[in-house]
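Below, chain A partners chain B and then partners chain C, in two separate complexes.
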Partner chain A sequence: MSRALLYKEWIKLRLWWTLMLAASIAFALFLFFKLRYIANANEAVTVWNAWIFKGWLFFRPFQYAPLVFGVTLGFLQFLPEMQARRIRLALHLPLGETRVIALHLAAGALLLALVLLPAALVFSLGGALWFPGEWQGNLLRVVTPWILAGGGAYLAVAAILLETNWRHRVFYLLLTAGALRLFLLETACDTYARILPALALWVLALTLVPLFSSHRFRKGLAR
Partner chain B sequence: MLPVIECRNLTHYYGDKPALRDVSWTLRPGRICGLLGRNGAGKTTTINILNSFLTPRSGRCLLLGEDSHQLTPRTKARIGYLIEGHIQYGFFNIRQIERFYSRFYPRWTPAIYYHLMSKLDITPRQRIATMSCGQRSQVALGLILAQNPDLIIFDDYSMGLDPGYRRLFIEVIRDYAADGQRSILLTSHIIQDLENLIDDCVLYQRGRVLLDMEAGRLRNGFRKYTFATTPAVADTHDDARHIRVERGEKHSALYGFLDERAARDELAARAIPAPDLRPAPITLEDTFIALTGKY
Partner chain C sequence: MKHAARIFLLVTAAALLAHYLPIGWHILTATRQRAPFVNYSDTGAGFLFIRMEGAGGNTRFYYADAAGRTLERDTFESLLPLTYHAQLYKNGAMPKEIGGVALSPGALRREQFTLRVRPGQLDTPRVPLHPVFETGDGRARLEPPPDFMRITGAAAPSGSGLPPLSEKRQETAPTPPPPATQASRRRAIEFLDPQTNTILPEKSALYSDAFARARFVFPVTAAGSNPTARKPYDEGLYLADADGQTFLLRQTRGQPVLLRVADHAADPAAWRALRPRHIIVNEIETRELRALIIDADGKPWLAVGENHRLVPLPVTRYDPTADTLSLRGNLLHRLLVVQTAPAPGAAPVLEAIALDRDYRVLARHHETLPDPAARPAARAGQMLFPLVWWLADDTSGYLGFHARVTPRDLLPAALALNALLLAAHLLLLRRRKTLSATRLPDLAATAALGLCGLLPALLLPRAD
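On to the complex of A and B.
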């Protein structure tokens, strides 16, 4: 039954997801060539100086990409479900309602992770090719909050769309927009190093919000 | 036998506006029940409560013996539900959607579904979103029947259907329920379609059960009489006794569970002379309007 639900999500999203993946691969290639150019065209000490001391972030174009992908995927997945309150079809399936929504979220999270994978590969493998280990570690610590922001944005969009009470929607929007802003506020090295686990936990906790929204929808408490 | 659906003292409000007031009725196994009423009478509210998409202010519904808000997956698999407007997943084609639903229902019978699909002028790879409203209704119906459910709830099945598809829908339902093993609850605004389909009738008015009886008894017992209009005739209705007098230009009508003698007595009690009183043919739709009124 779980596979059937994942199948449904795949059929629904496959066209848009393929387009997103193509965009992601193109973007990752751009990052790859940019990183290679920077590594080859500059002395290591110059790059280090520019990055660490002058805050020049040569991979900055990636900062908002996970957020954009997360928001887009959330809309593409849950907007059709909420049009004509089509989610009732899924909630009427002979499965627990929490399981149904959790499977939808798992499918979306998996597809989002795959979309972000090309860029993540460029940062980890490309970084390992041209930069010292310490640089690569720094680089990954800088982009991880951005990737978490993508996951958080996806969950926030899911929660907002599944919610049918406008006051709750506005509350979720303000709460998540404010929180996600924190993920993208700083770009200096190691700014987030100590709170990365807390950010990850926050995103994980955010999973409960769409489940709560769907529960309210299911019980008709939202109206 | 345990009722298939049991609504007990349902009460619900939208804000301060009452939608249902102490509504109770049951659906017995193997019966087809029409849940009827004017717009805003409370039918959809009841259906939403039955499907647990709405929590009533008070009261409860039992479906196949379980609380509608605590249905186990096993019981859910025994209930087919047609959402108003024949809502389905538009991104699937007819093979994909059959493959999807078949995984959830242990008694799934694809032949029923594909038999219905073979009657439609569609290609196997055509997406449901590109089908006409009538074709979509058949897809939705085929998917429900293939589940082999013990109980089917059709919420306004006739919405958007032309007469041909409405007739087809009714014929398929009638054939499916012919073995007397399936229980069906349906709502519709096209009353004449239900004339020879439903076994029982629950009629709502302004959030209350106005009438709950076997359709045969309603068909045979509820009468219409016509008589010449005189100045003494005025539009009146008595909800408690289900009697209505309707004033017309030349001829007026009296409706109610009345034989001819009782009809004459009723008019005499209202001081309405009706020497030419005579029974007139009446349809289920006339009955519905006589009971609920035009306004």
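On to the complex of A and C.
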């Protein structure tokens, strides 16, 4: 039954997911070719100096892309489920309400990861053409909060859509907007290095919120 | 799950309010407050200050001496001819000499320097690649080096000067140089060529041998250089090894010159005992200042002159993790200024020490600055928000979890306010007929965090 549920999610999202994947790869390739242009148009030492002393990683425009993909995927996955309350059918499956929603979330998180992974590979492998291992380390520590913000945004949208009370929806929206802002501060390379584990743990714990919303939905707790 | 989720939401919302509400409070209530700018008179008038008075939009700067007398701007500038020489030359009021020292525009410019050390610049992320400037290429201006040095500290090949096995093979059957990311067969020192993004094997071997010959013990515990070509000359790269010994690395005509500073210093014993934690290099035209070193105990030292004389800076209190230190110099003297950071229950302190050119103390000035946390609005904020946290702090270039709790003197008031809010919370729950054991986390949040706990507790969805 779990596989059937995952297949249902795939059927629902495959067209949109393909479009998002294409958009993600296209954006990543655009940034890669922009870096290639920068590397060709400037002295290599100048480009390295910009990285080492100014903290330029050349992929900064991608910062908000995971957030946009996370929000979009969350809407595309859960908005149809909440229209006419179709999710009720899934919640009545013998799998149990928590497991059903967890499977929905796992499917969405996997698809989001697969949207972002090729872009991350383009950055990493592309950057390796011009930069050494230290640059890859910087990239990892800079991109990770963006990806975590994307995951957090996806979970937040799921929680907001599964919640039935508008007051609580607004509360969740403000809460996650305030929290996710802290993932996307304009800072130099590696400044997030010391707090990345805490941010990752918070996003992991955020999984509880859509499960909580679905519990309230199932029990009819509108207040 | 439902209770865990609700507690997670409560903690997150309370934490976010404890982050954002104090920022909002600060934006609403903050006033302009600036520490006085300290000078030391070149004409014997002692310490002179540019101070700020007033509040809000009605602030103004004024000039004062150490006795608190207000000075006219022209008088103030005439007491600091080495600082305001451009204006005094324009007015035709510039003295020809002071205390037998002839003043000329060229000498004034050459001798003037400023060195500032902020805690955020000491603890900040850095890419561990160093440019090694060529100091003996005969060019009038420094040129950025074409490669970067990586210190791996990997077990270096023996100091025999023999190339490693891989390069021996290279002689007979040439292979492309290893990519800059390759970790196998690493040398202690690797030079990376940005043009090809590869390791330069010959230069890496040359430098690795130089480090082995100098008996440098890896890993590097402190490194300091001024990695810019916009400077009058290159001092080199200071490195402290695992034994705490300080080395100076330079490149002359493509050859590495690695010196143990203690072997070339006027006071070798002091250098051997020194355990550098931070090394700050800022080349000035006179080449007098070699480096500012902060040792493992947080004590600042200057390395001055050709023989690296080690001068302890005579500060009475300086914590490099929180305080700001600046050293300004001119033709006649040096001025050392330390401004401590405000701490709970301790106002910031400004200490200025005037030194002669031989770094002997001429005069000291000590002043307690107005504590920004002592303003009524700031105290009200500390009462309203018992716990405040933030990510970006002046003390570090890294983001971290920095927090402040209500100071002890305001604690009774803050607790009383929290108790009031807790009573109101209890009343509200009773009126709504929702007072139960499941509400204990909400009540605990109100009791501990006051407003930041109460607001989310009221807005949170029910779990059952």
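In this text, the second predicted complex is superposed on the first by the 207 of 223 C-alpha atoms of A that agree within 3 Å, B and C clash if a C-alpha of one lies under 4 Å from a C-alpha of the other, contacts with A are read in each partner's own complex, and residues count from 1 in each chain.
The criterion applied here is as follows: contacts are C-beta pairs under 8 Å (C-beta built on N, C-alpha and C of every residue); 3 or more make two chains touch, one makes a residue touch a chain.
Predicted, not measured: the structure shown is a model, and the values here were computed from it.
In the three-chain model built by superposing on chain A, chain B fits alongside chain C with no clash. Contacts of A:I11 after superposition on the shared chain: chain B is touched, whereas chain C is not. When the shared chain is aligned, no partner comes close enough to touch A:A113: not chain B, not chain C. By the document's definition of touching, neither partner reaches A:A22: not chain B, not chain C. By the document's definition of touching, of the two partners only chain B reaches A:L89; chain C does not.
Set against each other, chain B and chain C touch different numbers of residues in chain A, with C touching more.
Touch criterion not met for A:V68: it reaches neither chain B nor chain C. When both complexes are overlaid on chain A, the residue A:P80 reaches chain B alone and has no touch with chain C.
Judged by the touch definition given at the top, the superposed model places A:G133 against chain C, while chain B stays out of reach. Shared-chain residue A:G220: touches chain B; no touch with chain C.
When the two complexes are laid over each other on chain A, the CA centres of chain B and chain C sit 140 degrees apart as seen from the CA centre of chain A, to the nearest 10. Superposed on chain A, the gap between chain B and chain C at their nearest CA atoms measures out to 9 angstrom in whole units. In the superposition on the C-alpha atoms of chain A, the part of chain A touched by chain B in one complex and by chain C in the other spans residues 219, 221, 223.
Taken in their complex, chain A has these residues touching chain B: 1, 3-4, 7-8, 11-12, 80, 84-86, 88-89, 91-96, 217-221, 223. The residues of chain B lying in touch with chain A in their complex are 14, 48-49, 51-55, 69, 73-74, 76-77, 79, 81, 83, 85, 87-92, 96, 99-101, 103-105.
In the complex of the two chains, the chain C residues touching chain A come out as 1-2, 4-6, 8-9, 12-13, 16, 19-20, 124-125, 127-129, 144-146, 148, 150, 179-181, 183, 192, 194-195, 197, 227, 391-392, 397-401, 459-464. Per the touch definition, chain A reaches chain C in the complex via residues 44-45, 47-49, 51-53, 98, 128-136, 138, 163, 165, 167-168, 171, 175, 178-179, 182, 185, 187-195, 198, 202, 205-206, 208-209, 211-212, 215-216, 219, 221, 223.
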